[in-house]
Amino acid sequence: MIDLFAANEGVIAGALVFALLAYSLQVALRAGVFSFAGFAAYGIGAYGSGFLLLEGWNEVGAILVVLVGVALLGWLFAVLLTRLKSLYLAMATLALVLLVQSAALAAEPVTGGALGMYGVPPVVDTLTTLVVTAAVLVGVLLTQRGRPGRRLLALRTDEALAEAMGIDVRRRQRVAFVWSTVLGGIAGICQLSLVGVFTPEDVGFPVIVTTLTVLVLGGTWHWAGPIVGAVLTAFLPFWLAAVGDWRPVVEALVTVLVVIFLPGGLVSLVQRGGGALRGRGRRSKPPEPVEPAAVTPAEMRTEAVR
Amino acid sequence: MILELDEVAVSYGGVHAVRGVSLGLREGALHALVGPNGSGKTTLINAVSRLTHLSGGTITFDGADVSGLRPHQVYRRGLARTFQGIRLVEDLTVRENVALGFEGRTPEARWFRRGASGAALSAADEALDRLGIAGVAAERPGELPYGVQRRVEIARALAGDPRVLLLDEPVAGMGAAERVEIGETLRQLRADGMTLLLVEHDLAFVLGLADQLFVLDFGTLLASGDPHETAALPAVRTAFLGPEERRRDRSA
Amino acid sequence: MLGQLPNAVALASVYTLFTLGLTLCWGVLNVLNLAHGALFAASAFLAYRLTQVVPGIPLWALLPIMAVGIGLLSALVQVLVFAPIRARGAGEHDVEMRTLIAGVTVAAAITTVGAILTEHQPFALPREALEVTTFDVLGAPVTNVQVLLLVAAVVLACGLLGYVRYTRDGRALRAVAVDRRAARLMGIPVRRLEVQALALSGALAGVAGLFFALYLGAGDAHMGDTLLLKAFAIVILAGVGSLGGAVVFAFVLAFVEAYVGYYAGADLRDVAAFALIIVMLLVRPTGLFPRAIGQRA
């Protein structure tokens, strides 16, 4: 077991960082917030901790300052951005990620520009990252069950209903947004420490794509989704070594198939197996509500506006 | 008056959906708000439950001005509502859906208290029992008949033990027998001391039921008072006579 | 000062062609097609491969081939990926997100194929396809590629606007944008229209990609990536689904970029651009021309 860990340490470390990023995305999504801000925090966390450590700060101080800073920044953006809805929010936060990326490229004296930041003393090892990821997993698990789980589900299914049922939607979403950025920040600190170098490309589109793949493959809504997806995505390249250059195409094909046919990800395969035993596998569409026979233009207008 | 509306107005862009409505709900009475389609009924209760912004007027609930509050705040003060369409969370069981209503009254900081979930679920069972559908608690709402789903909606609003309940067309799309049953349930709730506002476009359904009638037309309060007397007023009859004739009158 | 003008106009033309297709699908079908950039790049690298297989093939033959080819490819993505996702979707939110992810993934696949076909190297379309000539307009050097690009952008943009506003299918498309379910109940063939919209948007990307490679003199498999992000900016600033707004902002962005890039350098240009997008979204979350396509008479 220990040997296996040692032999694959690099792969495991990479998988854990992607699992953390996927949790960052999931925590927001589960509150109905489609935000990529965690990736901006990923960049800020890596560069921020690197900068402080190179300045000679001690480890704990650097990590704390970076995480508190990221959380504050997250709250600020949450207040500014959470009034945007779904894809608009996604695109605004994507712009935020690219802003961090282009700022990292431009601020060469601090970030090392395109060559990246390196030579930073590591503050976490793979084992610590594993513990942190496990803690995050437990946290997500706790908010998936019982009361918080029900309310999060209501929140992301129907915001107006959730509000009318006493859920402070705005606050929930802001808190989720902040957690998302904090997890992104943690992932950034870990990535810099584990790999030893951080470049602007690490804050780019490909990382977002891989993280989305991790989340979708594993299971977007399930607490185990990110970790299952991350492990699969990390080891997929080994299994697909035979296809050589065409590997990304095969990966893409697998992901598309999962997105279309397994909306709940691979975790749902396991769940479905268990669910069938409990007789909860069947799902049917709700009956069409009977529409009022005549709708006047005025009512249509008010409906449309709401 | 437990709930009072004073000159409440709502407009979107250029559309004035509600233009200065004043009315009050007496504690423990069953009120009905009727009006033709498009008269602003749903907009009005959206405004009262704070889902829609107000462009004017004030809403007073239990002596406090709630015009500036947000939806979850008025719910926590005991003002619950149902929606016109079915809005149940598909991925939760009926019991869990109803539990949401109970949990909405508790501050979020107590989410993790031990046993809290159990209390919510037993409150849910109680509410379902009140609607006579305790048997479906473990089912998924999507698999139930339409009329039962509508009753789950009412049970969810009841689970929070509200002081005032706004019902947006609870019997729409139901058959005659089910309408009678829902009417009985509403009477029972009134007997238990709850204040109700029933929004309906079917005048006949509310006549035998309500203590007081409000008639809304083109966003204004056309008449209010004793149900039968109010319904007999010429202006109210015209409003309900069928939109075509009225349109012709207006354009002439 | 004037010397930058032809460049700015050419860039604006590419942005216009690229963005119109994106905003059409997003505004009408609520399909944010993240594979759009890869389709754009596919036009360039497939054209490049075609010139290798069929030496001496001229531009007037390449152009329709790429337009039709990329249009078909785009329609294929709709039929094989986006439509099944919608058919199996649990709510609009869920469909949106899965469409987004599938688009990203399809883009990754197309880009990889392109990288393999071009051996991971930048490529240049051969001179035989189009002899680039330069002539003088009011003292500014203008190439024939720039002129062709502008003509293509004007003709195709007008064509698309005309299609959406005046044809039967265009009107039906607008009905779908307003209310999908109602449109289907009224007998509008929603699925066919969706495929048609994706095909049109792909054809526009095909034309844009080929011209962009000609205009720059070189291309690579990743050439669509940055363009996609700029197109987002344009679509969002213009208001999703607003075709006229998209044209206006394509020109605004191209001019700002050409002149800011010229005077202040490329690094700051990007920082400024993304900051601008965020600020704009905060000020006007629905864009500057917030009417949806359906409401355009």
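Each chain gets a letter, A, B and C, in the order it is written, and its residues are counted from 1.
The rule is simple: contacts are C-beta pairs under 8 Å (C-beta built on N, C-alpha and C of every residue); 3 or more make two chains touch, one makes a residue touch a chain.
For each chain, UniProt lists the protein as follows: A, C = Branched-chain amino acid ABC transporter permease; B = ABC transporter domain-containing protein.
These numbers were taken from a predicted model, which means no experiment stands behind them.
Participant: Report back the single chain whose CA centre is most distant from the CA centre of chain B.
Facilitator: In terms of C-alpha centroids, the chain at the greatest distance from chain B is C.
Participant: Any idea which chain sits dead centre by C-alpha averages?
Facilitator: That would be A.
Participant: Using mean CA coordinates as chain centres, what's the chain B-chain C distance in Å?
Facilitator: The mean C-alpha positions of chain B and chain C differ by 48 Å.
Participant: Where the centres are mean C-alpha positions, what is the separation of chain A from chain C, in Å?
Facilitator: Computed value for the inter-centroid distance: 28 Å.
Participant: Provide the C-alpha centroid distance between chain A and chain B, rounded to the nearest whole angstrom.
Facilitator: Each chain's C-alpha centroid was found; their separation is 39 Å.
Participant: Can you pull out the residues of chain C that are in contact with at least two other chains?
Facilitator: 90, in rising order.
Participant: What are the residues of chain A that contact at least two other chains?
Facilitator: 157
Participant: Could you tell me which residues belong to chain B and also touch two or more other chains?
Facilitator: Residues 90.
Participant: Write out the stretch or stretches of chain B touching chain A in their complex.
Facilitator: Touching chain A: residues 12-13, 15, 17, 36-38, 40, 42-43, 46, 49, 51-52, 70-72, 75-76, 80-81, 83, 85-92, 96, 99-101, 103-105, 108, 111-112, 116-117, 120, 140-143, 145-146, 149, 156, 160, 172-173, 201, 243 of chain B.
Participant: Give the list of chain A residues in touch with chain C in this complex.
Facilitator: My answer: residues 29, 32, 34, 80-81, 83-88, 90-92, 94-96, 98-99, 102-103, 105-106, 156-157, 205, 208-209, 212-213, 216, 220, 245-246, 248-249, 251-253, 255-256, 259-261, 263.
Participant: Show me the residue ranges of chain C that touch chain A in the complex, using the header's touch definition.
Facilitator: The contact residues of chain C facing chain A are 26, 32, 81, 84-85, 88-91, 93-94, 96-98, 100-102, 104-106, 108-109, 111-113, 116, 225, 229, 232-233, 236, 267-268, 270-271, 274-275, 277-278, 281-282, 285.
Participant: Under the definition above, what is the set of chain A residues touching chain B in their complex?
Facilitator: Residue positions touching the partner: 142, 146-148, 150-151, 153-154, 157-158, 160-161, 163-172, 280, 282-287, 289-290, 292, 294-299, 301-302, 305-306.
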